[in-house]
Amino acid sequence: MSAAPQSKVAASLAAQSRWKAWELALAALAVVSWWLLGEHALLANEVAILALFAVSLDLILGYAGIVSLGHAAFFGFGAYTAALFAKHVMPDPLVGMAVAVLAAALLGAVCSVLILRGSDLTRLMVTLGVALVFFELANKLDWLTGGTDGLQGVVMGPLLGRFEFDLYGRTAYAYSLVVLLVAMFIARRVVHSPFGVSLKALRDNRLRAMSIGLSVNARLAAVYTFAAALAGAAGALLAQTSGFASLDVFDFHRSADVLLVLVIGGTGYLYGGIFGAIAFKLLHDLISNWTTQYWGFWLGLFLVVLALVGRERLMKPWTWFRRSAT
Amino acid sequence: MTVVLETRSLVKRFGGITATSDVSLRVERGARHALIGPNGAGKTTLINLLTGVLEPSSGSIALDGVDITRIAPHQRVRRGVVRTFQINQLFNALTPLQSLALTVSARLGISAKWWQPLGRDARVVQACETLLRQFRLDDVMDQKVALLAYGKRRLLEIATAIASQPRVLLLDEPVAGVPEGERQEIFDTINALPDEVSVLLIEHDMDLVFNFARSVTVLVNGAVFAEGDVQSISTDPRVKAVYLGEGHG
Amino acid sequence: MLTLLFDGIAYGMLLFVLAVGLAITLGLMNFINLAHGAFAMAGGYVTVLLMNKLNVPFLATLPLAFLFTALVGAALERTLYRPMYSRPHLDQVLFSIGLVFMTVASVDYFIGSQQQIIQLPAWLQGRFDLAAVGIGKYRLFIVVVCALLTLALQAVLSRTRFGSRLRASVDDPRVAAGLGINVNRVFLLTFAVGSGLAGLGGALGAEVLGLDPTFPIKFMIYFLIVVSVGGTTTITGPLLAALLLGIADVFGKYYVPKLGAFIVYTLMIVILTLRPQGLFGRAATR
């Protein structure tokens, strides 16, 4: 770079990918939280895992525009892979994580073929179908997965050979936090790259995207694979930090919950998954304290109101009672 | 004169309707060729066939002698066949700068890079600067496209096509909806294209056609009705008859 | 094996009646209504409650189940659903999932989560043999009722003026409105009838499919399979898809119980991948 002043164009483009102050603050806050949230480490760990899962969904929903009701397929696949790897091959968490991420990415690549064609409904059905198939598989292959009892006897080795996973969850939270931060860093670069912007473009106007020479199918397949890898990482985190994997990881409510988390936090700017996860967990805890059994009702009501009011307007209460523009 | 884009007996049927009927068209290198005809003559359908958005029922299309009939739309763009849309097709959620940067990146073959930020490449920056200036979009370069005025959107539509450095440029009514005073400017830009670029233009405004085009094809009911240089077409009584009652535009 | 086939047909016809409302509203309003199963559940519970609490005879509960769910459907359409038509599909999905959660939790709260048992009238119980086929009387009843409903639907769609208006509105709502068709009224009536049919299906199916608060979630996938595989542009498409699904499910569960529903899901994925518009649908235009 020479001493010549940067042109307006170069400056504007550079500004879009530069780290904003609030992003740095958020990252710092996340790191510091490990010390601040000491006693709540287990809960914080859950939030971090959910956040990673939701961010992975944002990549396909907020950026590529694919409505998926079965993202739990990759979450669960990562979870079971990590758990089975630890149990049968080697208890080292980092190696297990790498294997799980690779496995989930492969599954994502294979499944990406299914979401290329068809309407929103078709894609909804196919993604839902895949998650259900895996649920059934995990259920029926109970000699491998433990079936409805879940996979027992998963003992994780110490992280980096030194840090044991303790009952308080402090190691777990640190581990999940680091994985989340690494994933966010990578995802952030992807999102600001030509590839990332082209995803937004093809979601916005597929015809136009084709007409500037972008291959839509290859891009959708690539982002779906990447998102599956991140979801698999989240699932692996769950399995490794809890030492357990059950059918629940493939359950429909996982896919529905993560969709809701992302919608609460906002789609399309990458951090929605994080804010949504925090809000969702807090909400869940709050409501569970009033009414343990009927959390579903309030969740449902929230969804209905959210949909009626409109997702963008939710954050602006002064627009709630004005007639919608559409 | 070398033929750069050619169709042979191109036919497109939709159910019982024949939108394109046995069209054999030749576009020469450096052509300034107009495609005219009454409404519903099948002009846009022909462009859709040339760009691959529609598949022909029969017939073939060749670019530089190579058959491209089965080649996907985005591949044709990479080979230099670029079009504009009659109704703006823009990226409403992006800014003009982002749209052009993406288009230039696609042209340079770096649009799949996932680690570098968009616009890091100096070539992208330079191309965008030129385009933004040329199309007077630099003052709105950071606004969301959805919020731009119609005239600017139309300019962006054309700028996007030029950003792909077309070898064959298919313009579908480029000045549709643009006020009289601004039309000439758009045409000046098209006129300023390098001589090697071949331009096929769909247009209703006859003044613009006769100012710009050197050769004309007249399409009626999906078939080629008349063809020739702009002088003979403008004085052809059959062509005038076909337009009787149509008036201008 | 023919007995299985007959059972599969009965199951398929039931699924058709349950899902046909969803197919029509999806084709008509382009609205993904995942809460459709909740209407079916409502119809089932109406029948159960009327029979067990008020001793209403079984046959009489059926039209009542239809009416009740149709009215509820009409009310909801007018108030909650209508603003959602123009929304993106994601919002519609969230909305309808929210409704499902609310209804499931409400039923659980007010009625309880146990399976509901219906006592069928004596003349519908038992089975008889016809040639080599074992025919359950109740399943025969289901087949007959559903076949009659299907014929009635087909007749309404192709012979009545309402049917023409409906078909026009499905084809292109704006043009239909331009022709003077009160598209809002068509939507309302169609939604009401579709929900009513779901309720009737739920009532008919309570004995065969089981009835508890998780019904909408358990069977949602089946309705969606019928609609996505059958397409939304015809009546026969979903009918054939439902029959296919019913037969595949019954045969699958009998011959390969280890795999269970796995077969059905895989079949659906394969079909939708090869033909995204469904087996019988037109290519998606939106």
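The first chain written gets the first letter, and so on, giving A, B and C; residue counts start at 1 in each chain.
One rule holds for everything that comes next: contacts are C-beta pairs under 8 Å (C-beta built on N, C-alpha and C of every residue); 3 or more make two chains touch, one makes a residue touch a chain.
Note that the coordinates shown come from a computational prediction; the quantities given were computed from them, not determined experimentally.
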Which chain has its C-alpha centroid at the greatest distance from the C-alpha centroid of subunit A?
B
If you average the C-alpha positions per chain, which one ends up nearest the average over all of them?
A
Between subunit C and subunit A, distance of the C-alpha-averaged centres to the nearest whole Å
33
CA centroid of subunit A to CA centroid of subunit B, Å
41
Chain-centre distance (mean CA atoms) for subunit B and subunit C, in whole Å, is 49
Tell me, which parts of subunit A touch subunit B in their complex?
7-10, 12-14, 16-17, 189-190, 192-198, 200-201, 203-205, 207-216, 218-219
Taking the complex as given, what residues does subunit B use to touch subunit A?
51, 53, 72-75, 77-78, 82-83, 85, 89-94, 97-99, 101-103, 105-107, 110-120, 124-125, 128-129, 132, 138, 141-142, 160, 163-164
Inside the complex, what are the residues of subunit A that reach subunit C?
61, 67, 69, 113-114, 117-122, 124-126, 128-130, 132-133, 136-137, 140, 252, 256, 259-260, 263, 293-294, 296-297, 299-308, 310-311, 324, 326
For the complex, which residues does subunit C have touching subunit A?
26, 32, 80, 83-84, 86-87, 89-95, 97-106, 108-109, 217, 221, 224-225, 227-228, 258-262, 265-266, 268-269, 272-273, 276-278, 284, 286
